[in-house]
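What follows is chain A paired twice: with chain B in the first complex and chain C in the second.
Up next, the complex of A and B:
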């Protein structure tokens, strides 16, 4: 710098480093697996507490990664009848069901032109490894319509390499509109009760209108069906974080 | 109900039963009761004393115990008599034991013959006039009467039934919970009577049970969870077949 008086320039302290506290930021948007949220009912909450203790115990020993419906997973299970005593299956997660220890997820793949769906239990001791190969959410929470879609949408390479994930924050949503085989389908997916946004319906307009006859617009205003899980989720998330850090 | 896995990877369904404030209320000797063995009256869950008259509280006052919702009798041999007033815990049972569970079944109200007794009814079409779920014939011509006990419509459920020979998989001593194999009669949170199995196959099954019962103020320090040998514990790594 050019000094005005011939003296050395005024001492400028270096800029202070900006500390981004990653830990607090991470805990704000933590994922809570849906099987931890207890269903509505008249069971004693002590039962859910004890089940959660068992689930946490299992998670400490075996890592169950965060995954949603639409991710592509590879699961290795122990099998007494296989030659290597273990089986590996790759597939897209269609649905996640069940609460507590009996939580399940269904993986679908098309192997040699045959569609295969396997329902695994998350907490079964036979499962030896769960790897997430591709992270992407879809527009719906239930992808059962892939059974009636063209097989190309359910085929995934068995020897697929895991896709590397850049950010630790956002999971991309794939807005893919799937093309279906000709009707009849296993379920009438055009009806509003399934509320599917991921299908490209190529049906004539009068059929889509006729399907709207079964819509129940009063359901979203029904107060008896409301189940606000935010407070329950907060408590369970706190409990989980405390236990897993031990 | 919960799933439970064995060390070989098989899954079994398990019912959780909680032992809530159980106390021994009275000892009835063999001669008094007129049966083959002595009896012990045991009371279950605590309940408010204000909904029953004072005369009904005598048994509880003698034992020094709050009023219980249910009082049951257990037939007991003379060497297993317990002093009235002792609390009973889930640690009375051990994993690997076999147990009978009695409870009142879910009440279904007045039910027809198809649901109550499993009758087949009549076809839906081909000319049936107003007859699809009726019992049909109730007796023969020669009998000229209807036999006693004929299966007919009536009130179904809300009666005591027992499931026999259920295995105890696990016991939680901290919360007094017994994990019992399979299903148990009754709705969720109903009162249930758990007793050592009287099936002949399980007569010699109990190896060193706590006799006459598990006393909490004794010297034994039990761990929080007692597991059966075959259960897969979640502290172990995943199952592998060699």
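Up next, the complex of A and C:
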């Protein structure tokens, strides 16, 4: 453009680009492992504080990845009786239990038509590596019903390659409805006490209705069973983030 | 033509052979003791030929009557008595050890020689601790867990 003076136009610096720094947003780490949350009771919180310090120490040395029930994990443990002194087991996590240093998780797999489950302790020094092969949550917190489901739902290839995860924010929920073997099952999964959403019940209508007899609809309104963990979680999260950054 | 669907677990396949009993069965009991129905895991003829009664434990060679992995038991198969070695049970054991979905057993002679020639199902590594007694059984095992 020609300016009014006839001289070249005044240099206009380009507009500054707006940088959205995602790294600082990621560091909030919204996932808190369930074994950090202390159970409801009257024990001295000092005990849980000391345990948490030990857990953080272990996590600094050994990386325990974020995982939920329904993920497919590969765990390598040290074993004096194995060839090369270490053994590797691949399986789907069906349950996470225990609090504090005794936190456990159970992996299940079907090898050569034989279902095998191994209960590992998260903070055991025998564990050498935990890799997450497939990230997906399921509809339930407890997948014990896989024992009574058809074996195809529990088979996972031992040499599975880890599925790469693109987005660091969401974990996909697999809304798979599992088909079961014929009854009897190890537990009566159709009863409302277990509150299972991940089974495709092929039972007749009258049996499903009869199972609802055992429902306890007053339980969700019971005030003595309430345990609000949001404030405790915030405190623990802050503590964790401070300690792990040191 | 009674059992069209695949019966739950391999123990129930024994019921399908008998045409008489069509009733409920008690769920498989956890560790192995007298009268537990077991599953023979090797490829011996004695263990794999169908019979109208499942192989049952009749004695456990143990101070307590309860057999865990690595214990020897006496089995009643096809009307004969045979010794066997427990290689896996349904009862959860110490952490880091595998828990199987069926009570597995390998047929054995009195001197400890296995009768079969191959074991396809996975065997726990803890059996390697007693390498001296079970060396021949471990030699025919293919998979370890």
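One rule holds for everything that comes next: the second predicted complex is superposed on the first by the 227 of 246 C-alpha atoms of A that agree within 3 Å, B and C clash if a C-alpha of one lies under 4 Å from a C-alpha of the other, contacts with A are read in each partner's own complex, and residues count from 1 in each chain.
As a convention for this text, contacts are C-beta pairs under 8 Å (C-beta built on N, C-alpha and C of every residue); 3 or more make two chains touch, one makes a residue touch a chain.
Since this is a predicted model, take the numbers as computed values, not measurements.
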| item | value |
| --- | --- |
| Three-chain arrangement built on chain A, chain B and chain C clash or fit | fit |
| Touched partner set for A:191, first chain B, second chain C, both or neither | neither |
| First, second, both or neither for A:101, with chain B first and chain C second | first |
| Which of chain B and chain C A:124 touches, first, second, both or neither | both |
| Partner chain(s) touched by A:147 [first = chain B, second = chain C, both, neither] | second |
| First (chain B), second (chain C), both or neither touched by A:79 | both |
| First (chain B), second (chain C), both or neither touched by A:87 | second |
| Chain B versus chain C as contact partner of A:181, first or second or both or neither | second |
| First, second, both or neither for A:111, with chain B first and chain C second | second |
| Gap in Å between nearest CA atoms once chain C and chain B share a frame through chain A | 10 |
| Contact residues of chain A, present in both the chain B and the chain C interface | 79, 121, 124, 126 |
| Complex contact set, residues of chain B against chain A | 2-3, 5, 9, 11, 16, 18, 172, 175, 177, 188-189, 232, 234-242 |
| Contacting residues of chain A [partner chain C, same complex] | 77, 79, 81-82, 87, 89, 104, 111-121, 124, 126, 147-148, 181-184, 186 |
| Chain A-touching residues of chain C, taken from the complex the two chains share | 5-8, 24, 27, 88, 92, 95-102, 104, 120-122, 125-126, 128-129, 143-145 |
| Partner chain B, residues of chain A touching it in the complex | 41-44, 46-47, 50-51, 54, 57-58, 61-62, 78-80, 85-86, 100-102, 121, 123-128 |
